[in-house]
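Below: a set of structures, written as structure tokens.
Shared between the two complexes below is chain A, which pairs with chain B and chain C, respectively.
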Partner chain A sequence: MSENQKILEVKDLVVEFNTDRGLITAVNGVNFEVYRGKSIGIVGESGSGKSVSALAIMGLIPNPPGRVKSGIIKYHGENLLDKSVGEMRKIRGNKIAMIFQEPMTSLNPVFNVGNQIEEVLKLHQPELSKEDRHVKGVEMLSLVGIPSPEKRYKEYPHQLSGGMRQRVMIAMALACKPDILIADEPTTALDVTIQAQILELMNKLQKDLGMGIIMITHDLGVVAETCDDVAVMYCGKIVEKSDVKSIFNNPKHPYTKGLIESIPSFDSTSGAAKGRLPTIEGMVPSLFELPEGCSFQDRCEFSTEDCRGSKGSPSLTKVNEGHKVSCFNPLQ
Partner chain B sequence: MVPILLGTCFIIFVLFNMVAGDPTQLLLGKHATAKQMLELKRELGLDRPFFAQYLDIVKSAFTFDFGRSWSTKQEIIEMIKIGAMPSLTVSIPAFILSTIVSIAVSLIVSFFRGGKLDRIMVFACVAMMSISSLAYILFAQKFLAYELGLFEISGYEPGFPYFIPYILLPVLIWVVLNLGPDVRFYRTIILDEIYQDYVRTARAKGLSEKMILFKHVLKNAMIPIITYVVIQIPFLILGALLIESFFGIPGLGGITLNAINSSDFPVIRAMTVLSAVAYIIFSVITDVLYTLVDPRVRLK
Partner chain C sequence: MSENLIEVKNLCKRFPIKGGLLGREVGAVNAVNNISFSIKKGETLGLVGESGCGKTTLGRSILRLIEPTSGQVKFNGEDILTYNKNQMRAMRRKMQIIFQDPYASLNPRMTVGSILEEPLIIHNLFKTKEERQKRLYKLLEYVQLPKDALNKYPHEFSGGQRQRVCIARALAVEPEFIVCDEPVSALDVSVQAQVVNLLMDLQKELGLTYLFIAHDLKVVEYISNRVAVMYLGNMIEVAESHELYGGARHPYTKALFSAIPNPNPNISKERIILEGDIPSPMNPPAGCHFHPRCWMAKDECRMSYPPVESMSQTHEYRCYNPIS
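Presenting the complex of A and B:
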């Protein structure tokens, strides 16, 4: 197992949705890679296309109205987009697993926890006997730090707290030892203390199991805590991509900088000294009426004529080793 | 349960004794003398205090002793016993068949949701609901039974298996009549569940759409479905007024209809009390059944 083994590569992914008001491009030419044992954070506001990118990898874009228009999602050398429905089912939950934002509603209320974990095993490891599945299920529950797993195993989701349910989701996702775990805002619905526990758990399990994690979040704090690389998305495009340190120390895109500055903090280097939290002016433009050129132009204090379409849309270009930005006037 | 029953009996009492007017007038006609009316009142027990009459209704809800019919002088409970059989031979098979068919159709429709089949079925359901039930009965009797001779036009013969040829067409009509509203209802319930988060989780686990629909969605959908299905059962006992009268089935529906036509208050009241009791009992049964499908509900 080499250190930098690429397990997943998303290339020029374009996802469209057919809505009542017309066609929108929710994901527009996105590129990123997932390495074994590493985490990539995909950061962005609601509607920036981060969840849609993840669903595209899982092959779970609701169709209709959505569809992957073009692009390649290469997993172990094979394009997932060429796979049949049946082939994708064998990968989902087995090789690539996903956990969701809403632990309260993501588990089926009428089946007990053990039953739901065993379902994955039954599906992807049919060779296991009933007893083996039970043993493994209980093992998974203790792995995710659920106390008295044997007892919890027979309980129903409504008997567990939010944090416990998210642990169960993680246990379910990891039951088949996936290569990749996609976590779609896994801690957004949880209390801050529980958030930290869950993130810690994910970090630990990642080390133990060596899987790649795609962490989708709008919370840069989560990224700082868990990720090795970051991709910042805005209006369906990645606007900046780098390792986690460079992004925080030296953001190149004005949007990234704005995001970092709007993290509440006590030290006053970022303008919070005045007592007001800096925000990014304006609103995310509607995907129906994206401006020519850079999508961020209207909210950007550095925007020039170039940004308004005379030079086309900015593309992701390298500024430093491992640091790319899509901006005509990157910050220094 | 008991307070509900007492309340229901009270409403029945008020409706029959205060709102409905003087039954002796109806029975004796316009030219009855005051003396005749008083005598009849005594004979029927209508001169007793209101509270005693109310207690009679409450008692009948437990003992099923409803007294005698005013017009036929038969024991009402005997009439019900005789009428229940023909009613049930139609309503039970019809109910079971219609529930199975409707749920099956709605599962298929939900599986192809948003597709052509789904849209055609939704349209068909509305169209079927919009046609009067009389139209179905008359059409079926004229074309299927009379011209094609596929079914008996009407009539009934007691005893198994003699009644079978007579119930076929009523059962078919029942199923067709219920298909529209039922499929629409079940489809809505199933689609409500299909967009829940746990379904997305099930997909992410790699389950097939079929397994998701039949295992995860159906078990969750059973909760509203059970309510809808079980609460229909009390009405089966009463029979279907329209179908029974058109197909000449001597069931409880027919008895009720005759009682209404001849102002036979004790019979109407008996049927009302009976349906109220059945309704309460089946509501309790529904609650008990919930515990089977929904772990969040536990009997204390």
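Presenting the complex of A and C:
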């Protein structure tokens, strides 16, 4: 196991949806890689395409109305997009697992927790006997830090708190020791103190199991604390990609900078010395009427003629080692 | 700036739980437990806490949207809990609320114009159509929406714009006091900052007083003059917002601050991770409700609830073993 083993590579991914109002491109040429034992954070506001990218990796884009138009998702040298439904089913939940935002709606209310963990094992490890499955299920529950796992094993989702449910989701996702864990806003529905517990748990499990994590979130704080690399998405495209330190210390894209600044911070202006929060003017354009050129041009204070389409759309270009930005006038 | 607009004394709200064959009371949740505080004119009091701690119930009890069980709520010196229905209706003009979810709190069948006009008609404020029209334009100007918004329906707007409509609706009747119940939690980060700025600008311009309820400590600390922290129905700490960060005395407040993910990877801070979940409010632990999760709990914490201690004129807390 080398240090920087690439386990997943997403190349030029394009995902389209057919809607009543016409075709929209939810993900438009996205590239990123996942390394063993590392976390990549995908940040963006609602509608930026971050969840759709994740669903594409899982082969869960509802078709119709959606489809992966082009691109490659390379997992261990094989393109996942070429796999048949049956082959995908063997990988999904086994090698690549996903946890969702809302732990209540993603657990089945009529089965007990143990049953739901066992279902994963039954599908992907049919060689296990009933007893083995039970032992393994209980083991998973204690791995995710659920107290008295034997007792909890027989409980139903409504008997658990939000944090406990999310732990059960993680236990289910990790039951088959996946290579990659996709976490789609795993802590958004949780309270801060519980969020801290879950993030700590994910960090610990990642160290123990050495999986790659794709962390999808809108919370830059979560990214700063849990990820090694970050990709910032805006209107279906990655606008900036880098390691976590450089993106926060030296953001190159005006959008990234705006996002970071619009979070109130404790350390600088506290209490009485409050001014206005820096904001990004305007709002995210509708995917139906994206402007020519850079999608961010109307909200950007640095936009020039180049940004309005005369030079086409900006593409991800390297500015520093490991730091790429898609902007004609990147910040210094 | 010095007189108190809102004074709350020993406010309690108890929700009985009925069960069994005869529908007898089998238990109760003390959602708001003997809370006292005051808000000065033109001030913002932030109210934070995790889900189920009673912050929304408290906000609504003050407006009598939920009828409190006991206690006093004084608005400009008068106890509004003694008001009858008619007196209360007139009172409601002075106190408004902005809700969390701008998707659920606007009637999808009404245009923005009629949504904003309705409170004016109910309170019989601007009597002629022309006056009302003028008022509506003024309201849109306050919240920075274009004039043509009046003829549109809520679904034609984004989340941030809808929240602006909700703010305009609250402002329509020229209130003095607004309860903001998680007004920015449902919004994207960049839009959230716009709405926070708007609320702060309006406060300055119109001299409003806010009770700002949120679970996001960063936003609360930013917008509030003072911050109150709630845990399981009790107010456990109140302080000026700059005192609270760094100077928290209650272990829960400290843990709450430390739990917030920091968008600055250069600062690695000591993180306090609380064990366990919030206990069920139906059956809260004896003594200090926080003791099962508290790393500093001693015997006395298990026996009785700590009294209010004051550290300074503005800083109060309820803890036997405060952090020094």
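Keep in mind that, in the parts below, the second predicted complex is superposed on the first by the 325 of 332 C-alpha atoms of A that agree within 3 Å, B and C clash if a C-alpha of one lies under 4 Å from a C-alpha of the other, contacts with A are read in each partner's own complex, and residues count from 1 in each chain.
Quick note on the criterion: contacts are C-beta pairs under 8 Å (C-beta built on N, C-alpha and C of every residue); 3 or more make two chains touch, one makes a residue touch a chain.
Quick caveat, the model's predicted, so the values are computed rather than measured.
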item: Clash-or-fit label for the pair chain B, chain C on chain A; value: fit
item: Superposed model, angle subtended at chain A by chain C and chain B (C-alpha, nearest 10 degrees); value: 70
item: Which superposed partner A:Asn112 touches (first chain B, second chain C, both, neither); value: first
item: Which superposed partner A:Pro278 touches (first chain B, second chain C, both, neither); value: second
item: Which of chain B and chain C A:Asp228 touches, first, second, both or neither; value: neither
item: Chain B versus chain C as contact partner of A:Ala196, first or second or both or neither; value: second
item: Touching partner for A:Asp298 - first (chain B), second (chain C), both, neither; value: neither
item: Touching partner for A:Glu45 - first (chain B), second (chain C), both, neither; value: second
item: Of chain B and chain C, the chain that contacts the larger number of chain A residues; value: C
item: Touched partner set for A:His124, first chain B, second chain C, both or neither; value: first
item: Nearest-approach distance, in Å, of chain C Cα atoms to those of chain B in the combined model; value: 7
item: Doubly contacted residues of chain A, that is, touched by chain B and again by chain C; value: none
item: Residues of chain C defined as touching chain A within the complex; value: 50-51, 158, 160-161, 188-194, 196-197, 200-201, 215, 217-219, 221-223, 225, 240-243, 245, 255-267, 271, 273-274, 277-278
item: In the complex with chain C, residue positions of chain A that touch it; value: 45-46, 161-164, 191-197, 199-200, 218-226, 244-245, 248-249, 258-260, 262-267, 270-272, 274, 276-280, 283-284
item: Residues of chain A touching chain B in the complex; value: 58, 60, 64, 89-94, 97-98, 100, 102, 105-112, 119-120, 123-124, 156, 158, 169, 172-173
item: Chain B to chain A touching residues, read off their complex; value: 114, 196-198, 200-208, 216, 219-220, 293-296
